[in-house]
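Every chain is named by a letter (A, B and C) in the order it is written, and numbering of its residues begins at 1.
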Amino acid sequence: MPLVRIDISADTPDGTVAAIGDVIYEAMISTANVPEHDRFQIIHRHASDELVYPAEGYLGITYTKNIVFIQVAWNEGRTIDVKKAFYKAIAQGIHDRTGHRQEDIWISLIDNKKENWSFGNGEMQYAP
Amino acid sequence: MPLVRIDISADTPDGTVAAIGDVIYEAMISTANVPEHDRFQIIHRHASDELVYPAEGYLGITYTKNIVFIQVAWNEGRTIDVKKAFYKAIAQGIHDRTGHRQEDIWISLIDNKKENWSFGNGEMQYAP
Amino acid sequence: MPLVRIDISADTPDGTVAAIGDVIYEAMISTANVPEHDRFQIIHRHASDELVYPAEGYLGITYTKNIVFIQVAWNEGRTIDVKKAFYKAIAQGIHDRTGHRQEDIWISLIDNKKENWSFGNGEMQYAP
């Protein structure tokens, strides 16, 4: 059920974009108990003035034009420890797979209800 | 107040995109008690590698490159039965109007608070 | 921590787009207690049929093709008065800086949890 939006520079090689999607999916399975094949992702490619971050950095983190914004909507109920492990697996995994700086991996979650999804066919597959 | 994001293949004919927006708006009115003229929608057209779904399908549903992601932010308080009727009206209506497969209609809701909207003019029109 | 999506016509001059981002950031600091340098914004430029609003208007507000959709995800806990001031500062500020009609400034908030953010490095910087 997670729906993932990935906002990324249009200069990013296609293979890197695909690898980032792979890492996020794998992190969901390994850290957050997401079922296999539950992979739904939307990529938004952007011109350089469309991804805005503070030139001075924030909280000691600095950013480059390679910043990747990852926004995940998924079901509520995951613990703080699960979310911590999820962040770490994504940043580390993207760095290992693509060479992207870990500082440029920016993640935001939206917790949602089980009944707020239809995976197709007009059905509420996760009805309580 | 619903804000609807529709993420769709750039290959989709413009008339189909418009019809999908019409169906979603009409489903809101007929099933979810949304007021007339409360229609605010954002269309994102995507290259083929930007809409990611599992090749194996999920929960018995299979997808094609014509998958349509519909993300609706609206006010909390709607019942499970209303949401079920809303999903069904959208998938059925899009299929009837455009021939799109119902399996390719993917819907996600974000429930929100009444004070979280400004419809223009810097005002909080739904202030509690 | 706010993550701001700004959906705007592709016909908007680049300077206007930048000014709108500036105003939103400044409104966060002046009205909503957001820390300095906490500026993360995603711009989506759109073709004219991709920003959909009611031709008849809604709640007495009328819209033009210059409508700007602003969707802000940030931490929960802000009061209704803060949100009112935030809306007003954005609409007024954009009008003053760019000449945009205040009626065309459309804002939606998503309230979030402190643990739902990673600002880079795979860390949960706001861990409770």
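The rule is simple: a residue touches a chain if its C-beta (ideal position, glycine included) is under 8 Å from a C-beta of that chain, and two chains touch if they have at least 3 such contacts.
What you see is a predicted model; the values in this text were computed from it and never measured.
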Roughly how far apart in rotation are chain B and chain C when fitted on CA atoms, stated in degrees to the nearest 5?
-> 120
Same or different, please, for the chain A to chain B contact, judged on whether over half of the interface numbers appear on both copies.
-> different
Rounded Å distance between chain A and chain B, as computed from the means of their C-alpha atoms = 21
Contacts with two or more other chains, residues of chain A listed in rising order | 44, 110
Could you please specify the touching residues of chain A with respect to chain C in the complex?
-> 7, 44, 46-47, 49-54, 56-59, 61, 63, 69, 71, 80, 83-84, 87-92, 102-111
Contact set on chain A toward chain B in their complex = 1, 3, 14, 17-18, 21, 35, 37-45, 73, 110, 112-113, 115-125, 127-128
